[in-house]
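Okay, so chain A shows up in both of these, paired with chain B first and chain C after.
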Partner chain A sequence: MRSDVIIVGAELDGLVAALRLLEQGYSVRIFCRGASSLHSAPGGIHLLSPKGASQEPPLAGVEALDPRHPYRLMGLPGVEQALAWFFRTCEALGQSYCPNGGNSLALTPAGMTLPTFAPFRHQASLAAVQAARVAVASFRDHRDFPAGLLLQGLQKAGVSATGIELEAPEGRSESVAIARAFDRLTDPKAYFRGVKDRLAAGSELVLFPALLGLEKQETLIGDAAGQGLVCLEVPTLPPSVAGMRLAFALERRILQSNGLFHRGVTVAGRRNGDGRVIGVTDQRDRFYAAKAFILASGGVLMGGLEVEADGMVLEPTFDLPVAQTAPLDALQVDQALDALHRTGVEVDESLRPQGKGQHTHDNLFVTGTTLGHWNPMGEASGEGVSIATGWAAAEAARRYLEAS
Partner chain B sequence: MPSPSPASVDAPRVVVIGGGATGCGVARDLALRGCSVTLIEYGDLGSGTSSRFHGMLQSGARYAVSDPSYAAECMRERRTIARIAPSTVEETGGLFVSLPEDPADFAEAFRHGCRAAEIPAEALDPDAVMAEETSISRNVRQAFAVPDATVHAWRLVNLLADDLRRRGGSVLTRSQVSGFEIAAGHVTAVRYAARNGSEGRLEADAVVNAAGPWSARVAALAGGRVSLQLTKGAILVLGHRLVAKAINRCRPPSSHDIMVPTGTVSLFGTTSEVVGDPDTTLVRPAEIQELLEGAAPLIPGVRALRALRAWAGVRPLVKPEHWPEGKPLPRRHAVINHGEQGIQGFFSVSGGSLTTHRSMAEDVANQVCRHLGINQPCTTATTSLEVETVAGPWRPVQGFQEVERAGEARKLLCECEAVDQAAVAELLQNGAVRHLHDVRRRLRVGFGPCQGSFCGARLAEMLAAHHPDLATEEELGRFWSERLKGAVRTTWGEQARQMLLSDVVYRGTLGLRLDQAVLPREERR
Partner chain C sequence: MSGAVKVLESMDRCTKCGICQAHCPVATATEAFPGPKYTGPQGQRFRVIEQFTETSPMLCSGCGICTSVCPNDVKISDIIAFAKAAMLADGAKLPLGQKVMNRPEGVGRIAAVAPTLANGLLGNRALRGLAEAFLGLHRDAPLPRFHGGRFRRWLARHQQPDGPVVSYFTGCAIEHYDPFVGIAAVRVLNSLGLRVSAPTKACCALPMLSSGEWGAARGRAEALVASLAGAERPIVSTSTSCSLTLREKYATYLSMTEGAAAEVADAIVDICEFLLAAHSDALEASLTALPLRVLYHGPCQLRGHAMGQPALELLRLIPELALEVSEASCCGIAGTYGYDKDKHAIAMAVGDTLFKQINRGSPDVVVTDSETCRWHTEQATQVPCRHPVELLAASIDGNFEAWRSERS
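Up next, the complex of A and B:
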């Protein structure tokens, strides 16, 4: 079973790489153990946040980063090309984002804000609610959206806000079930008319938990607008429908482009030869060959890197050299978190793993959180680095395939 | 016997310092004997040593050989607590297992010791024990069942304090004793500073210092002396109940030889290190390695298990005067009448353990009553602490069973410890609960495998509904960083992933920032 490229991991970076390669006519096989970390992501695209909300392009802060940071390794022009491609692709998939050059302050379910480069289309930001009279909606018995905290945060920020508790369609109370029930609504207009009737007079804007459909959010929000209800969404705690929408949209597109998913599969072994990876095996020792490989295994969070009891960090799939951390248990909590994020595989500028000053394999490229020297939470750069490195790995794999 | 009436207007005034099990026990005892009692505590009730130990209600079997009279006292008190506060006790039972590396002759001495201390110790078939306890070594040579149990210490401390309040006593938390007023050799008042900056004084006819490892410092404020040896013990928290019973090594009591099932987790402990400072609760990396190494003979797969966090407590033992250097100190408590040091009406009690807190309280209360001329017997051993007339035992896994039966998973607030919203709502209605930590301690919210990743925001929302001025960012930040602080010592395997998932929730979703003043003050090493 031979493909042009095998991608290990269905994280955002792996999905981006897969789609980019499929677009260019290569055959792609993706191995993933389970759901991607997009299922826990709040949905907006975080690029970099050197200083909170600012109209300054966040990438202006790249110079201050570690020289080994993925953005600096691949260079700004590549990052910008990758983002442009990504937003264009998502637009075509009905998954629109609103980049406006700088970071806006997206509202969080706890009533705080997150600097976000490109909120998803109907994502609520502080700027959008500041001058409005707002109703904060919550669904009865739904536990993963602390609407009371959001309400309190808005009021503290001087926003005129009230709460309204709604019944979710079909009486659902779990995030994903609520979103699917919205997708199934036979008469969305009637539902939103009912909401409208219950609103306090003068409410101009309703903040919903980001559960208005897994697939049909555009239509649903359009239906609501038709009933005179202006809706924006605020992400929930994980599982996060806002993040899942992106994962599902990309996965659907990959399947339509004849990409192959092997789900629930752990890459258990690899065969090397002649300075290259020749193939990988699954748990049942089935062998899969490819010309190039992309490791998008999700770092420590997703098990793509393993932390041993003695503090050693290992890359189990290809046994790649890893930039180790200081002993974690000797660090302060913030330093320990930072170290767990920053540990990862060392690569050269074409994302090939590097050890002792040279790359370990000609045809292996590493992306996303499996890379070292960056911190998605500390820098608020998770999606940005994933998109950029996924795109760059696809480019590097293409160059390799063309050359060989 | 008629129950003594709540303190009358001219009742003697007693101030009790320290809101752990001992202090709360002393205060309650004196209130039952008709004193007007004020309890003063530096932090939250039960936030010191009473919540930083292995969580056992001990049968005393552990000390049957080394300290027989203390062992017998444990057995008596353990029965008493199970009788007066059944809702705090889980009757897990205990096991003493002999491994090949344990001294072969100890088992016989152990059996004799238990018999002398009247601790039922039944010899079991090692194969049956290994069949039942699947996590422990396959090399058990001998095994004994003893009536060890586990105790929900925070619930016990709060039951004691609730009972104190019902009997007219009052409780001042988050208030630190700053000095004493002494006139003509008698203590007359206690001065204190509250966390909110206010200061106050409490007039007193007698003062009891029950400040655990801090009691030497408190005594010194009055010019009194308490000679303590402080021992730090670190404990490793492992995910899941890996053992059914509390498991001890059958050997002379030493370090890392107990595994205790508590709540939905297991505790392994402890290290033992003499320290000078009662605030030394930071766990060093080497201690974790020491615990893992020490645990390996008893729990062979320990390194592959999921360690959730580690923490340490400081236990005070009283050094009797003229005690020979090097001889192990007695476990039993001691009462110090500072009248002998020229401060009439000032008493200290220290040593002992949570299991024996009631008899500690009785002993010091007897002396206080003698000093005050009160002629009332101690009734704490027979007066129930439970409000409900038929209180059931503590059953940590009961929450899950109830949820399963009722099919009401949607109402759970903390999935890991099966704490439902109703329990939190009840606490918010009844108690003076102001911080996420207060709820955490009382209900064990955030104690399970996810270490507060998902319940923090839910809890903050419920708390904010009661306290609209809640400093949400600070509260969430402290709650999270407190969880991380324990987990960072055990960051490997699945727990490393869990830490990052909590980061995805707190920073990546809720929008918390670590640079805000949310990190706990660094503890001294």
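Up next, the complex of A and C:
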């Protein structure tokens, strides 16, 4: 049971690394505990946002970051190459994004805004609704979309908005069931015509919860437009169909490219030798060998890092050194949250883990929230760093495989 | 720690993220089932505190997808299985047909007396209508044909190599319905120089465990463990659901964690898992071209093993096999779930993703590791469904035409 590369973790960073390696012809085996956190993601790509909307490219702010921040370690050209590859790849998978150079303010279901570098196609932003008369649609008995909060938020921002309650296809009421019922809809035109007929006169734009299909959203929104209904989507509370669309598209492509998933598995042990990782074992001590390894298991929140009772953080999969100056102190909530994110594995510019001034393994590369010195929540940079480091780890692993 | 405590304590890790709801094939198919989050960890709190009873656990198919996608290792489907067993212990009734299906070895023994007559009866539409009315067994549910005794008769005459011995736990499917898989398994193992012994005909009692008849299951589980206790190691299985039962469910549901039960749990291995881990090089060297278009579907019970998809890795070793991978997590039948007249429609709706993919790609053959998945999928799509070892055997022989006609 040998592979070129073993990836631990199937979050966005792990999926990006897997796909990049597979498309270059390497064999890849992925171990993951459960479904990825993309199931809770709003769907757009967040790159960096110190504050608010801006026409400035968000990466202009990189220079102000900690020199050990993943973006700075990789360097901007790498980050830009990674993003270009990602948007191109997603486009081919039917997941289109709309990067426009700066951050736009995407609407959240709570009626707030989130600075977003690349909203998914048809994702509602403040700019798109500002000058329009808007109807906020919700589905009967669906609990994961607080339309009232969204309406309040819009009205506060000076947008003229009214609510409209609709029946979901097949009368469904759970997010994913609604999305799948939309995918199965036999006569979408009639459905959207029915919605159009119920709209208050003068409504120009309907904001739907992002449930218009798990796969067919582009076609469905096109059908609605054909009936004179301009639709945009606002992500729901978790489980978030908008994030799942990306997860499903990447996972499907990985499967089709001969990638192997081991789901529900926590890597239980590892074998090292000669400054390298040789293989890992699962919960029943099955041994899996590979030439290179990518650790994409997530930070404390995803269970990739563990916090001991004394507030010290451990990396359990490969027992890597964690850069931490002081124990996490749960009583200092604000600082602890920032520290929780920033505490992680320290790496060199090839994303190899560092300890005592040198790298610990020749063939191990670390990505995403397992890395220290960044804060996905505080910087609104989660997807950006995941894509960039996933791509960079794949490149580093490829260079290692070619050289060895 | 007892199995029950381990399972029920895991619900404290639930963060209500809803990922299990999003992936539950039954909840996606029908509003009648509130979904694993509600029926599992959320409902369990009320069962403990208020003797809360509602019947949604009975609608769970036990496929275990929820547990496999949970990011926090909550044993969701096991929580629901405990709730189901508690309901039966409290006097809830199972349909008679489920009780009959829970005793496949008994049915098989009776039918073995006159298999032609039994198969004739099963194929009779009027009788299937009666069975639906009186047993609750849906008239279109995929009943296999009886081939009782055929595997044993073949094995008794079959010349085997004198190599190391591997035990083969056949289970009801091989003993009574699907001897061809057993024959293929023996031929593949023989080709590696291994000698096969099949120490018992007993049933693992999985249908009882998944429908909540745990009291009746215990005696069968203990008898099976006793009959396998002295068997040569490893003990291979061609059914991912039977092997999962021996490996984990006896310990979790019946607290059989000591002595022979623990030893057997440790010795049992899925045949593809075994071939891949111990013999993939030798096997690869003996495989010849099999120019077929194949769709591989990893059944839901395979996910319960949390070992990836060893059959898929083996199939990739076969030269000239054009392989497509199923995008569905479950075919819907989930063991014996879809046989119930009230659940058959749900099973068909769950299977829709798989059936559509099969109809789109129109493969020559669908390959999957679990027996009822094969029967259900073959009936729904009319595409032949086979076990991975049947393709390996055909590839070793280099003769897929013979393999095609073997069953007729």
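By our rule, the second predicted complex is superposed on the first by the 398 of 404 C-alpha atoms of A that agree within 3 Å, B and C clash if a C-alpha of one lies under 4 Å from a C-alpha of the other, contacts with A are read in each partner's own complex, and residues count from 1 in each chain.
Heads up, the rule we're going with is that a contact is a pair of C-beta atoms (placed from the backbone, for glycine too) under 8 Å apart; a residue touches a chain by one contact, two chains touch by 3 or more.
Just so it is clear, the model here is predicted, and its values are computed rather than measured.
Chemist: Does chain C touch more residues of chain A than chain B does, or is it the other way round?
Modeler: Comparing touch counts on chain A for chain B and chain C gives B.
Chemist: Once the shared chain is lined up, is A:S173 touching chain B (first), chain C (second), both, or neither of them?
Modeler: In the superposition, A:S173 contacts both chain B and chain C.
Chemist: Could you tell me if A:G279 is touching chain B, chain C, both of them or neither one (first, second, both, neither)?
Modeler: A:G279 contacts neither chain B nor chain C.
Chemist: Quick one: classify A:P99 as touching chain B (first), chain C (second), both or neither.
Modeler: neither
Chemist: Which partner chains sit in contact with A:A336 here, chain B, chain C, both or neither? Use first/second/both/neither.
Modeler: First partner only.
Chemist: Touching A:G303, do we find chain B (first), chain C (second), both, or neither?
Modeler: both
Chemist: Mind working out whether A:P209 is in touch with chain B, chain C, both or neither, as first, second, both or neither?
Modeler: neither
Chemist: Taking the superposition as given, does A:A35 touch the first partner, chain B, the second, chain C, both, or neither?
Modeler: second
Chemist: Figure out whether A:P146 sits in contact with chain B (first) or chain C (second), or with both, or with neither.
Modeler: It touches chain B, and chain C stays clear.
Chemist: Would you sort A:G311 into first (chain B), second (chain C), both or neither based on which partner it touches?
Modeler: After superposition on chain A, A:G311 lies in contact with chain B alone.
Chemist: What is the shared patch of chain A, the residues that chain B and chain C both contact?
Modeler: Residues common to the chain A contacts of chain C and of chain B are 37, 40, 144, 173-174, 238, 302-303, listed in rising order.
Chemist: Please give the residue numbers of chain B that touch chain A in the complex, ascending.
Modeler: These residues of chain B touch chain A: 285, 288, 292, 303, 410-413, 454, 457-458, 460-462, 464-465, 468, 470, 472-473, 476, 481, 484-485, 488-493, 496-497, 499-501, 503-505, 507-512, 514, 519, 522.
Chemist: Going by the contact rule set out above, which residues of chain A touch chain B in the complex?
Modeler: The contact residues of chain A facing chain B are 37, 40-42, 108-114, 141, 143-144, 146-149, 152-153, 173-174, 235, 237-238, 240, 299-303, 306-311, 327-334, 336-337, 340-341, 376-378, 382.
Chemist: Which residues of chain A touch chain C once you look at their complex with the stated criterion?
Modeler: Interface residues on the chain A side: 1, 29, 33-35, 37, 39-40, 144, 171-177, 180, 238-239, 244, 252, 255-256, 258, 260-266, 282-284, 286, 302-303.
Chemist: Hey, which residues of chain C end up touching chain A in the complex?
Modeler: 17-19, 21-23, 27-28, 31, 35, 67-73, 273, 276-277, 280, 303, 306-309, 312-313, 316, 325, 327
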